[in-house]
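In structure tokens below, several structures.
One chain, subunit A, appears in both complexes that follow, with subunit B as partner in the first and subunit C in the second.
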Partner chain A sequence: MTGAFFQSWFLPGVWITVQVTFLSAALAFVISFVIGLARTAPSRIVRILAGIYFEVFRSTSSLVFMFWIAFTVPMLFQIKFIGMAAGVIALGMTYGAYGSEIVRGALAAVPPAQREAGIALNFTRVQRLRRIEIPQAWPEMLPPFNNLLIELLKGTSLVSLIVVADMTFAGNLQRLVTGDSAPVYTLLLVVYFVLAFLLTRGMRLLERRAKAKLGQAPPKGGLFGGLRERGAIDAVTGTAGTAGTGGAK
Partner chain B sequence: MSADTTPTDPTPADPHQNPAVDGSELIRFDKVTKRFGGNTVLDNLCFSVDSGKHVTLIGPSGSGKTTILRLLMTLVKPDEGTIKVNGDYLTHEERGGKLVPAGEKHIREVRKNIGMVFQQFNLFPNMRVLQNIMEAPVQVLGLSKDEAEARARELLDMVGLADRCNDYPSRLSGGQQQRVAIARALAMRPQVLLLDEVTSALDPELVAGVLDVLRDVARTTDITMLCVTHEMNFARDISDQVLMFDGGKVIESGSPDKIFGDPDHERTREFLSAVL
Partner chain C sequence: MNWDWSNVDAFMPRFWDGVLVTLQALAGGVVIAFALGLVWAIALRSTHRWVRWPVAAFTEFVRNTPLLVQLFFLFYVVPSWGPSMSPLVTGIVGLGLHYSTYTSEVYRAGIDGVPAGQWEAATALSLPKSRTWYAVILPQAVRRVVPALGNYVIVMLKESPQLAAIGALEMLGEARGFSNETFTFEAISVVGIAFIVIAYPASVLLRALERRLVR
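Presenting the complex of A and B:
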């Protein structure tokens, strides 16, 4: 691997990966809350529509959906997406469906007594959500959100297949040109790991801050603090296996 | 104040009824029935409470005392019958001369007169003590932060916790949390305060502090109190009226002296000898 490869392909590729991760995470985050809250709405119609979104996109292959947006939509509707937008939309919408389950579950895990206390003080439903239920559910959401974020980061490699020049695309290109697959893919694995590790540390910080705001003792700090607790998260569904959200499913 | 078993004045047909004719009657249950599954918790219950009175509900567990408070707080809905607060229907509203289930707006309008203190305190763990008390006055009543804070500090002073305003609830003892919860309910200036076994979750040595605060409230305010309690001495102290419940009905009602001293009903006698 040459300096030219790093400079013209790999480093820009890492930057694209980071951008796709960040943008699709932002979209997925918004969808998580919109759909997650809609699934607990008083209106039955809203609940059903949100439930349909959840079921459809949970069962949708990100890759096929990405192809569909990148290649079928432009054909059908005469709209052309730049490749990265198609990738971000596809990833954001599918991971948003998973995220909505995290939001719904964490809200369901807030003790009903808190809702009742809010009613007794005559809060509206929106005020209860904003001031009482979401702030209390938030620390419960962070560990499963972290898990989902890492899944999303790794999932961004799919955009290389719709010709977005992310770091996986750069790696594949290098392998095709030089044939040295071992160093290329080892490098990719390491870089994905490092990115995921940095994300985890960031989320860990958020979680500590959120718990401190609830008046709970923050978990042990430091770069490697709390590595063990991470194991309590279900790697497939991205939901917490801990008492809080897990019990509400 | 009356607790009759014969239903009086089923008014739903008359939409123009003037609440003022109720005089000082603040709460009226009219033929209220509540079932949980196949279990009838309240059975065609009728009773009323006059403004400013302190009423204690006693009776064996499962007799529906707490359900009455939860119905008044709109935490559960009646299956049959109506509840009036200040002459307004609580869970119904009149539209075109008919009684229909009330919308959220109507419920909130009537509910603003009612406050509740829970057995398990239910403070908001995400807010410090002062914020717990200020939150609803600011958000719901629209008070300015300064007004709400002044009101909160005054109440914290009254419950003897002025120095804990910046603590999170988890740092407080049960008794302290319950005193904050009382202050939080009072900050909304309710006409009616519902007290649902407020000392049952407390360690014995913390009970007195909470009851002292409530005695204070009873003595110094004109807030109507509806109180479910197993503290019979407290009930005797503060009550104007005691209602004895069994099987979802009021089986006896009267002054504390009468109920605790010389009850008419055999069931009341049995219950009191078991708890006193």
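Presenting the complex of A and C:
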């Protein structure tokens, strides 16, 4: 690996990966809340529509969907996506569906008496959500959101297949040019792992803050406690997780 | 809008070839993921830390790095010092290895859920360690986690198109090949719908199974 390769391909690739992760995480976050809240809406039609969104995107392969957005949509509707837009839209929409299950599950875990108290105080639904339910559900959402964020970071490697020059793309380029693949792919794996590690640190910090605000004990686990968290919701499968499996502990 | 159904018809023979390869990859990957995941889960409960630590580090690393890059690693790097495998076999190994680190967590949850009294009873009966595992602990642990394992089968199905990147001709690989050769675009939509048609009923089925098995 040469300095020129690092300067012109790998480091810009790392930056693209970070950008794609950040942008699609932002989109996924918004979609998680919109769909997650819609799935608990009083109106039945809204609930059903949001449920269809969740089921469709949970059943779709993110890579196939990305190809579809990147190649089929421009042909069908005569529009063009600039740069990484197709990848960000595809990742954001798929992971947003998984995120909606996190939002829905965490809201459902808030004790019903809290909601009833809000009703008794004549709060509107929006006030209840904003003042009572979301603040209490938020710390519960963060651990599964952390896992989902790492899945999303891993998912960003797929954009290299729709010709976005992220760091996986740079790695493939290096292989094609020099035929020497061992160092660059090893480096790629390490960089992805380090990014995942940094994201986990950041999310743990948020979780600590959120719990402190509610007067709860901070999360345990030191520097080597592992990157994933065991929550009530499995962000990878979009289902209730296995943490609650079984009776006696 | 210039959708042409005749292109869909023309793609169908290759589509079914792709379905077959996808199912092969999935079946192989699932077998490896389920078996290896159990190995990791048991190794992580070992009393020797020189077993526990390397396994923990390895599974943590594999779980938190992208399957796509791992596939490239297995396909382009490993043959320089190890076995050289066809795209499909590489894909099966990659998929199985990657998701074994997830299933090991599922097994762990199942094993943790077995009441401590079961372990104590096995000790009281002075059952050897191997017998304790396969006759007492695992039958109770695995039963609980069958639906969770099933969910990972669906996840693996949805991630299997990544095998196209190393040249395995599963559904997406066939669709890309067909589109590039004929300058059409309908094939990818067919594949996208196929995934929903397979994955959605499977997840509905699993939810029904979960209600029965886990109460």
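What we mean here is this: the second predicted complex is superposed on the first by the 219 of 249 C-alpha atoms of A that agree within 3 Å, B and C clash if a C-alpha of one lies under 4 Å from a C-alpha of the other, contacts with A are read in each partner's own complex, and residues count from 1 in each chain.
Note that in this section a contact is a pair of C-beta atoms (placed from the backbone, for glycine too) under 8 Å apart; a residue touches a chain by one contact, two chains touch by 3 or more.
Remember, predicted model here, so these are calculated numbers, not experimental data.
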{"item": "Partner touching more residues of subunit A, whether subunit B or subunit C", "value": "C"}
{"item": "First (subunit B), second (subunit C), both or neither touched by A:V18", "value": "neither"}
{"item": "First (subunit B), second (subunit C), both or neither touched by A:I119", "value": "first"}
{"item": "First (subunit B), second (subunit C), both or neither touched by A:V34", "value": "neither"}
{"item": "Partner chain(s) touched by A:T168 [first = subunit B, second = subunit C, both, neither]", "value": "second"}
{"item": "First, second, both or neither for A:K213, with subunit B first and subunit C second", "value": "first"}
{"item": "Contacts of A:A85 with subunit B and subunit C, given as first, second, both or neither", "value": "neither"}
{"item": "Contacts of A:T186 with subunit B and subunit C, given as first, second, both or neither", "value": "second"}
{"item": "A:R131 touches, of subunit B and subunit C: first, second, both or neither?", "value": "first"}
{"item": "Residues of subunit A at both interfaces, subunit B in one complex, subunit C in the other", "value": "none"}
{"item": "Residues of subunit A touching subunit B in the complex", "value": "113-114, 116-117, 119-125, 127, 131-132, 135-136, 213-216"}
{"item": "Touching residues on subunit C, where the partner in the complex is subunit A", "value": "1-3, 56, 60-61, 63-70, 72-73, 76-77, 80, 102, 105-106, 109-110, 112-117, 144-145, 148, 151-152, 154-155, 157-162, 164-165, 171-172, 175-176, 179, 185-186, 188-189, 191-192, 195-196, 199-200, 203, 214"}
{"item": "Subunit A - residues contacting subunit C, complex", "value": "55-56, 58-65, 67-68, 71-72, 75-77, 150, 153-158, 160-161, 168, 171-172, 175, 181-182, 185-186, 188-189, 192-193, 196-197, 226-228, 230, 234, 236-237, 239, 241-243, 245-249"}
{"item": "Subunit B - residues contacting subunit A, complex", "value": "73-75, 104, 108, 111-112, 114-116, 118, 120, 122-126, 128, 135-136, 139-140, 168-171, 184-185, 188"}
